[in-house]
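The following pair of complexes shares a single chain, chain A, combined with chain B in the former and chain C in the latter.
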Partner chain A sequence: MNDFIPAFDWTRVVIDPWAAQFESSFWIVLMGFLATAACGLIGNYLILRRMALVGDAISHSVLPGLAVAFLFSGSLQIGAMFAGAIVAGVLTTLLIELIHTKSRVKTDAAIGITFCSLFAIGVILINVFAGKIHLDTECVLYGEISYVPLESSVKWLGGAIELGPRPVVTMALVFLAVIALIVVFYKELLVCSFDPTLAASLGFSPKVFHYGLMVVLSVVVVSAFESVGAILVIAMLILPGATAQLLSPRLPVVMVLSVLAAALSSLLGYHLGVWMRCSIAGAMVVAAAALFLLVWIFSPEQGLLQRWRRARRVDDGGESRIEENNGYSS
Partner chain B sequence: MKEGELESVPALETHDLSVAYHKKPVLYGVDLTIPKGQLVGIVGPNGAGKSTLIKAVMGLLPLRSGWVEVFGQPFKKTKTRVGYVPQRESVDWDFPVNVMDVVMMGRYGKLGLFRRPKKKDRDIARECLDKVKMLPFANRQISNLSGGQQQRVFLARALAQESDLYLMDEPFAGVDAATEAAIIELLKELKERGKTILVVHHDLTTAREYFDSMVLLNMRVVAFGPTEQVFTVEQLQKTYGGRLTLLSDVAGETERQLSGE
Partner chain C sequence: MGVLAVMLWSCSQSSEPGTEGKAGRLKVVATTTMVGDMVRAVAGDRVELQTLMGPGVDPHLYKPTADDVTHLRNADVIFYSGLMLEGRMADLFERMGEGGKRVFAVTDAISDGEKLKPAELAEHWDPHVWFDPVVWSQCIAVVVEALTDADAGGGEIFKQNGEAVKGSYLAAHEWALKRVAELPKQKRVLVTSHDAFNYFGRAYGFEVVAVQGISTVSEAGLADIAKMVDFIKQREVKAIFVESSVSRAAIERISKDSGAKIGGELFSDAMGAEGELFDVGEGEQVDVGTYEGMLKRNVFLVVEALK
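The block that comes next holds the complex of A and B.
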């Protein structure tokens, strides 16, 4: 090992976090899991609807929403925070659509215009009202998951039950809400994402579900924000879903797999962060990316290795997938 | 047929229907009255507004003028009686669902919000898959289907809607001959059961053989009526304008068949 990569010390990297610093390790890994899983579940719909860029947009444009919420309420209470994020999220979606439908600007360009402008407004607001808005731009961008265990604890029943640090409790509630919404609206979300025209003809307004999805996305992003930051949230939105979709052709299985990918990314990322003495959130994203890479190469159905093997089999004149697919033509 | 509904109520009626995209008119003044139990083809050149007409009927596009009635009522009230087959390319066939999932979507309209598909819905979906001979493929991922198979899945989904009026956008586009024959047989069977079917079609050589009556469309209705009256060289020339040079052979052939049989 050289000076840049710390030596891999088994005790320091693997044992100590769960022995000496159990409490803080537990909350950090749990927070990482909850944030990644909530983002991953919503992200699955973004990927399927070809809206990955919209996730990018909303994670940035939530910033002015937070700044304005701060200005109005004087502190960042959870209610004000969510309200600010939802307003910003819906506004972003509306603006993108407005620019796209009322001009010749195409959707991707409209997304770029909207979120960068809103983000810039957020930066200016925070600078101008620095005395009133206590938002650390650095923290908003990169997040600081290591501070999570230090946050004040949420107490229940007059302090009889201590639930855990505030951000973790919030994230857990948001995660459960996301699962509940997906379960309740599973068929509506499915038909609106797969075939919006049919959905509309059946009486399920794709527009309503589109905006609903954006509202939930804004809430998820803003609650994951503090710990992983605006930039890494984008990775959390896309990576678990992309990994899971390479593994299974069935949406319910994909959902479960993306939660599993989230758990693995968080755990492995945490240890990577401890080892490298670097940003834990950053390490979690790197772990998620590594998982994607592994799956991309080794996935039993769609992996690179499998593709390569199949191509070779066709060259050899053996049984090919193409033949199998077209076997039924009458 | 719905009980208590007059036989004379048309399946579909439009009056002065006009649609525009970005202020450019796509359809104007479409007056149609389609009686129940008919198999109707909508024929016209590219950009004639055939798909637009279907979408406008289902209220998916803002109307510039006119109105639509389905079984004598606005579409919103009768939407559960309308089945829809979109163009095959309009969806992403890599979507992580299998054949059964897609056919089940046909049941969603009758289920409404919140309610989940029950065993009865699953049985209906199975029957519909069987009708298009795709039951053995129920658990197959949709990306592993040929074009003809994809079209059969869409058809099964429309059947699962258990509708009285079917709107189909190019169901014969890019399918193999066997599928085409299976589809037309199914459409004729639906018609015999009193259903009304509107089919956007682009192949003039088969159009005359398939449909009882026809709508010749080119932004407005050029002709509408029984096939033998409407499907003439003169009317086709009017519909396709200068673009009929190649098609005139087809039309000439048709004319000869019509007069000389």
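The block that comes next holds the complex of A and C.
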């Protein structure tokens, strides 16, 4: 057992990353936070619309995009791959939206139909046209969060101001764009997500907002794939939002909480990764899952512990039941 | 953002002297075991060497740990294999090189005429060059030159070691040629799970047939397997081979269907554990954690199984 789990050395795991390796740690944690928070914020809407797994779907359905990009450009350069992936990502989300709005098929099935079909097309394209080439998402598209501090810095004003590694700057812009879009269209997105009929009667088309949200989503997801890899993105579309939604029923509070959950997962996950000497993205996802577990057990209103206590009180007598029910539904 | 950036900028300035290394030794990072072994043979104890991908690790699927990143960051010199073997990591290395870091692809030394291009590819080289020792030994020059540039005081040692290593690689090649000569030409057919042995085939006159393509990610399809079984029966191939860093399922299936036995596990994208000995006949024991040992073991297994 000791061979597999390195000893918890306080200096190595907690002090050193913020002393000797400060710069690496800072950029990795910041990058983790920006990617997680951007995904987490959009993820909230996805969870409400039962589309949480759309990130996973996109991670598979970018394959035909990569294959087609290779056939056209004849190279595996990241520029061509990224363009192909973005187009495939947008196509995926639009197809999902189209299938479930124009048929009786529910969203989860629509997601399944879309990404399986696109992935299969991708596999066939590669087999037929590029059988011998090393073309897979892992190798040509997905980035790696650990490499962020090794990237060259973006400089402003002829090098006077050093902003930080390129992927961090890109992801910061994506994160700010997501926040800006949510702030500007807050009311519209809220109504569309909870009550599309009301939205229509208020005079704006829920369809436009759904499609818009999906396009933004696929751009965010694919750019996050490119800089931090798939596992972090897929998980972070779901976990911070799910954790936050256990803590509060109010959307603005949930939004803030999911950003907080993103920050905590990124920081704790980084230290877990340093401790276990393992993949940092993987460790960040485990930290986010642990956070979800804690909240699920201890959440003041919906937590397992609280539910269990409430159930016991119901057995004891009827009076507190009404009180509790009131508290729960408000 | 701006404030943080300025804060960090000043921090990065002050942390710079710390990267020189404790005992003043050059810090060197190599990606694969083959590159790592070459650097160790050239530099010996004069540098502090860290090899990122351990024995049995598939370079296409390697995931870095926090420690690996620290090593890369602090490294004075980085050597990687190149020709897309390291996937997107190579893009990063190229950018680090442009940023002023000493980063070298050892395969840069190989002229285009000696590299292989699978027919289907217009732009990309087959990266598994280490299976042709004559070609691979050209890469030593890159290591010697880069190390000398970073540590001029060791220049003479690196040069001498470099020549010794080259001699050792070529001796292993002679040894391999002699062993392979025991096989009649028509028996020189090498069936493996993925396309890592094209250079091996060229160096030793084998016809190489792989079930999978270059990538180790996609699994072999049913049609691939059926085609392979027919081929093995028709050519009366006695043995087929699995690889250390690739799943063995497809090859086992083919072995069962075609009646060819599994001749053993060949090293492909990674070498063995350091210090692990293997008997290659005539009382000779080799360390499979070294390049020469890895090569001899592969040749020994292939020749013995196909005889």
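Criterion: the second predicted complex is superposed on the first by the 243 of 330 C-alpha atoms of A that agree within 3 Å, B and C clash if a C-alpha of one lies under 4 Å from a C-alpha of the other, contacts with A are read in each partner's own complex, and residues count from 1 in each chain.
Here, a residue touches a chain if its C-beta (ideal position, glycine included) is under 8 Å from a C-beta of that chain, and two chains touch if they have at least 3 such contacts.
Since we're looking at a predicted model, the values are computed, not measured.
Student: After lining up the shared chain so the two structures overlap, which partner does A:Gln21 touch, if you call chain B first and chain C second: first, second, both or neither?
Tutor: second
Student: Between chain B and chain C, which makes contact with more of the residues in chain A?
Tutor: With both complexes superposed on chain A, more residues of chain A are touched by C.
Student: In the superposed arrangement, which partner chain does A:Leu48 touch: chain B (first), chain C (second), both, or neither?
Tutor: The first partner, chain B, only.
Student: Between chain B and chain C, whom does A:Glu97 touch in the aligned arrangement: first, second, both, or neither?
Tutor: neither
Student: One more residue to check, A:Cys139. First (chain B), second (chain C), both or neither?
Tutor: A:Cys139 sits against chain C, while chain B stays out of touch.
Student: Once the shared chain is lined up, is A:Ile161 touching chain B (first), chain C (second), both, or neither of them?
Tutor: Second partner only.
Student: Write out the stretch or stretches of chain B touching chain A in their complex.
Tutor: 55, 58, 60, 76, 79-80, 82, 84, 86, 90-92, 95-98, 101-102, 104-105, 108-109, 111-114, 116-117, 137, 141, 143-146, 148-149, 157, 176, 178
Student: Which of the residues in chain A come into contact with chain B in the complex?
Tutor: Counting only chain A, the residues touching chain B are 48, 50, 184, 187-188, 190-191, 193-195, 197-198, 200-204, 245, 248-251, 254, 325-326, 328-330.
Student: Which residues of chain C touch chain A once you look at their complex with the stated criterion?
Tutor: So the residues of chain C touching chain A come out as 1-2, 4-6, 8-9, 11-12, 15, 18, 60-61, 63-70, 72-73, 84, 87-89, 91-92, 95-96, 98-99, 118-124, 195, 213-215, 217-218, 221.
Student: Mind listing the chain A positions that touch chain C in their complex?
Tutor: The touching residues are 17, 20-24, 26, 28, 30, 74-76, 78, 123, 126-127, 130-136, 138-144, 146-147, 149-152, 161-164, 172, 270, 273-274, 277-280, 282.
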